[in-house]
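Two complexes, one shared chain (chain A), two partners (chain B, chain C).
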Partner chain A sequence: MGKLIVVACGAGINTSTIAEDMIRERLDAEGLEDVTVKRILMADIDGYVGQMNLIVSMMKIYREFDVPQVKGMPFLIGTMDEKQALLDEIVELIRA
Partner chain B sequence: MDFVNTAVAWFLGLGSTVMVPIILIVLGLVFRAGLSKSIRGGVTTGVGLAGLFLVVDLIIAALQPATQALADRLGVSLALVDVNWADAGIAWGWPGVAGVILGIIVVNLILVVLKLQKTIWTDVWSYWHGSALGGFVWGLTGNVTYGVIGAVVYLTLGAWMSDLTAKRYQEFNEMPGIGVPCGTTVQASLFAIPVMWVIDRIPGLKDWDASPEGLRKTFGLVGEPVILGAVLGIIIGIAAGYNVQGILALGMQVATMMLILPRMVSIIAEGLIPITQSVVMFMRERFKDRELFVAVDCAVLLGHPAVMASAVILFPLSVLLAAVLPGVEMLPIASLAVIPFWAGAVVPYTRGNVVKTVIVLLLFSIPFMYFSTLTAGEHTAAFASMGQFTEQIEAGTQLASWDMGGDPLGFIILGIYKLLGLSVL
Partner chain C sequence: MLTLDPSFMLIRHTADDAESVISDLADTLHTYGAVQADYGQETIEREKKHPTGLPTKPFAIAFPHAEAKGVVESSLAVATLSSPVSFLNMADPEEALEVEVVFLLANKEPEEQVQALRQLALIFSDSEKLVYLREIESPAIAAEWFRDQLLNLE
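Entry: the complex of A and B
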């Protein structure tokens, strides 16, 4: 059964694309081929409840879901070390 | 020299969908993004541009006759076609785009090193606001260098505005270290400060609010771009006196535009990722030990529930306002898409109050309505100079938008070029 990471942002134009790109690259390197990364609008997130296993959000979320959420801001503004740390955390959460 | 001129003319003659990928691939290599990533990015952005122009063709074909019929029927002048984010096509497709990218990075680096500026311009995508203005200046003056200067000035002023607003954004959205220098968005924040000062001194208004969650649930469907587009298309069709078939067709065409236009814009943005990541790395590694604001896209401000709640109220109100204000010649349709971004910039100042956000932004939209009308000439000239939509433009179609055509700061910069007597229109 494959897993789903949703990358949520406000417009689905720019910020989530950057995060999606980096996560996908890392998952490929880890050989986690059954994990799907999907970029979504925050407004559409209810449609993914029950399917998603992890939320990476590019903005502040004002709600709780039954799956873990991580803040994706370091993908936009972080140094190389901060990005690696966040990717490590994502890989660990999706493997769990 | 003749050879150089011929080569430049040949290159510009390739058209933006060929020229831009080449420019971006070269820039990607300059910023050491890697060959395969640079090629993929450049070609992707070219595809996004080509797609964007296809969608705008569709918008013009559907909306030009409809707004014309509407205007004739109501006896008002609403002849301009709203293309809004098609301006991103000017931004990434006009001949000065490479100059804008390199120019703002150099100017920003100098100002940050001299400690005159705290925001580092890492969000390459958002250069588009300045670059589109540069394209307008080019359309106005016929001169690429003037366009690049106008664009770099606009983006530099944007970074200073970001310095003024960054702390509030960071605190309200819990995002330490960010800044948002995006064009019209950051101006909405600065506009909100004095308006809020007045509102908070009016008894009754001071404590009035509406529940964002309730509004979102009630009007939620209309807040979705496709539904909003369909509803607007149907209303315009009815007002224009179309038959049922025509009304429904226009509803679907506007719905298509509302969904597909931002999608095309997102493809353009996707292609810029390799360059963006290189620029972020370059700037962050160099200024590790100083407190700086790292530029991010205004989309990060959209999280608060009051943002969409305010937007769904503002959509119909601003269309009505544009229809009744004398002298406004563009009915906002595609341009409505920018309202949530403005709301994102204003809610940190209204503390998430929906009523106050709506008041601030309804006032803020008025100059956009007039400026978009007043800049339609250079806006259309920029598209024409790029060789886009030439048939429609020769047939008399005029293109306008709020973002960037209605931008107040951009309007002032264009005005300066006009005052200097540099207009060739």
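Entry: the complex of A and C
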């Protein structure tokens, strides 16, 4: 079955779009076509419990979920190396 | 396409707090006719709910903006500050950041805002570019620099 990565941001500022672009590109390069990347608002995250396999959050999350979560801010302001390291981590987590 | 007039570039600007920087930047856009008079106030309100400070290196920045209504012409106004002002961190609104450069975005279309943000992210994530920008001494050079940075991309 396909897996789902949600990219959550706080408002309609679209910072998550930048993260989504980079994750999508890396997943394609890895041949992980059965992984879906979906942008959501943090306020809607409860609707994805049970469906999502990984959370990439542009904001601090004050709660735990039953799936791993990583901070997406490096996609917006990190160096190339930081972006690469984050993509490596995401690929590793979604393959697990 | 973003309008980048030298009058939108406030160099070594002095302001007491985030609200006055936003309002000064919005005034430059309004004077030009790029936004309606209430764009500054709308942006200040939005900033309270959804802060836009970013812990970039080697100094923090902020990119306040409001919704598309109120925007006549998509544009970007920028202030480099003579001394930092506090903005809250977008990723953690409990944390205040001492911000040295403020980018006020005004976009007519949401899709265009995404595109502008993609381009600005390449500046936000490059410390050499941020330092270069902070040291620019004239509005005309700053506007030209932004045109170069943003035009190199799609």
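In the analysis below, the second predicted complex is superposed on the first by the 94 of 96 C-alpha atoms of A that agree within 3 Å, B and C clash if a C-alpha of one lies under 4 Å from a C-alpha of the other, contacts with A are read in each partner's own complex, and residues count from 1 in each chain.
In the analysis below, a contact is a pair of C-beta atoms (placed from the backbone, for glycine too) under 8 Å apart; a residue touches a chain by one contact, two chains touch by 3 or more.
Just so we're clear, the structure is a prediction, and the values are computed from it rather than from any experiment.
Q: Quick check on the chain A-based superposition: chain B and chain C, clash or fit?
A: Verdict on chain A: clash between chain B and chain C.
Q: Check the residue A:A96 against both partner chains and state whether it touches chain B (first), chain C (second), both, or neither.
A: A:A96 contacts neither chain B nor chain C.
Q: Please indicate which partner A:G78 is in contact with in the superposed arrangement: first for chain B, second for chain C, both, or neither.
A: Touch partners of A:G78: chain B and chain C.
Q: Contacts for A:A43 in the overlay, against chain B (first) and chain C (second): which applies, first, second, both or neither?
A: A:A43 contacts chain B only, not chain C.
Q: For A:M58 in the superposed arrangement: first (chain B), second (chain C), both or neither?
A: both
Q: Both chain B and chain C contact which residues of chain A?
A: Residues common to the chain A contacts of chain C and of chain B are 10-15, 17-18, 21, 58-60, 73, 76-79, listed in rising order.
Q: In the complex of these two chains, what residues of chain A are touching chain B?
A: It is residues 9-15, 17-18, 21, 42-43, 57-62, 73, 76-80 of chain A that touch chain B.
Q: Could you pull out which chain C residues touch chain A in their complex?
A: Per the touch definition, chain C meets chain A at residues 46, 49-50, 52, 54-57, 65, 90-92, 110, 113-114, 117-118, 121, 124-125.
Q: Chain A touches which residues of chain B in the complex?
A: 122-123, 125-126, 173-175, 177-178, 223-224, 262, 265-266, 269-270, 273, 276-277, 280-281, 284-285, 288, 294, 296-297, 299-305, 307-308, 340-341, 344
Q: How about chain A: which of its residues touch chain C in the complex?
A: 10-15, 17-18, 21, 58-60, 71, 73, 75-79, 83
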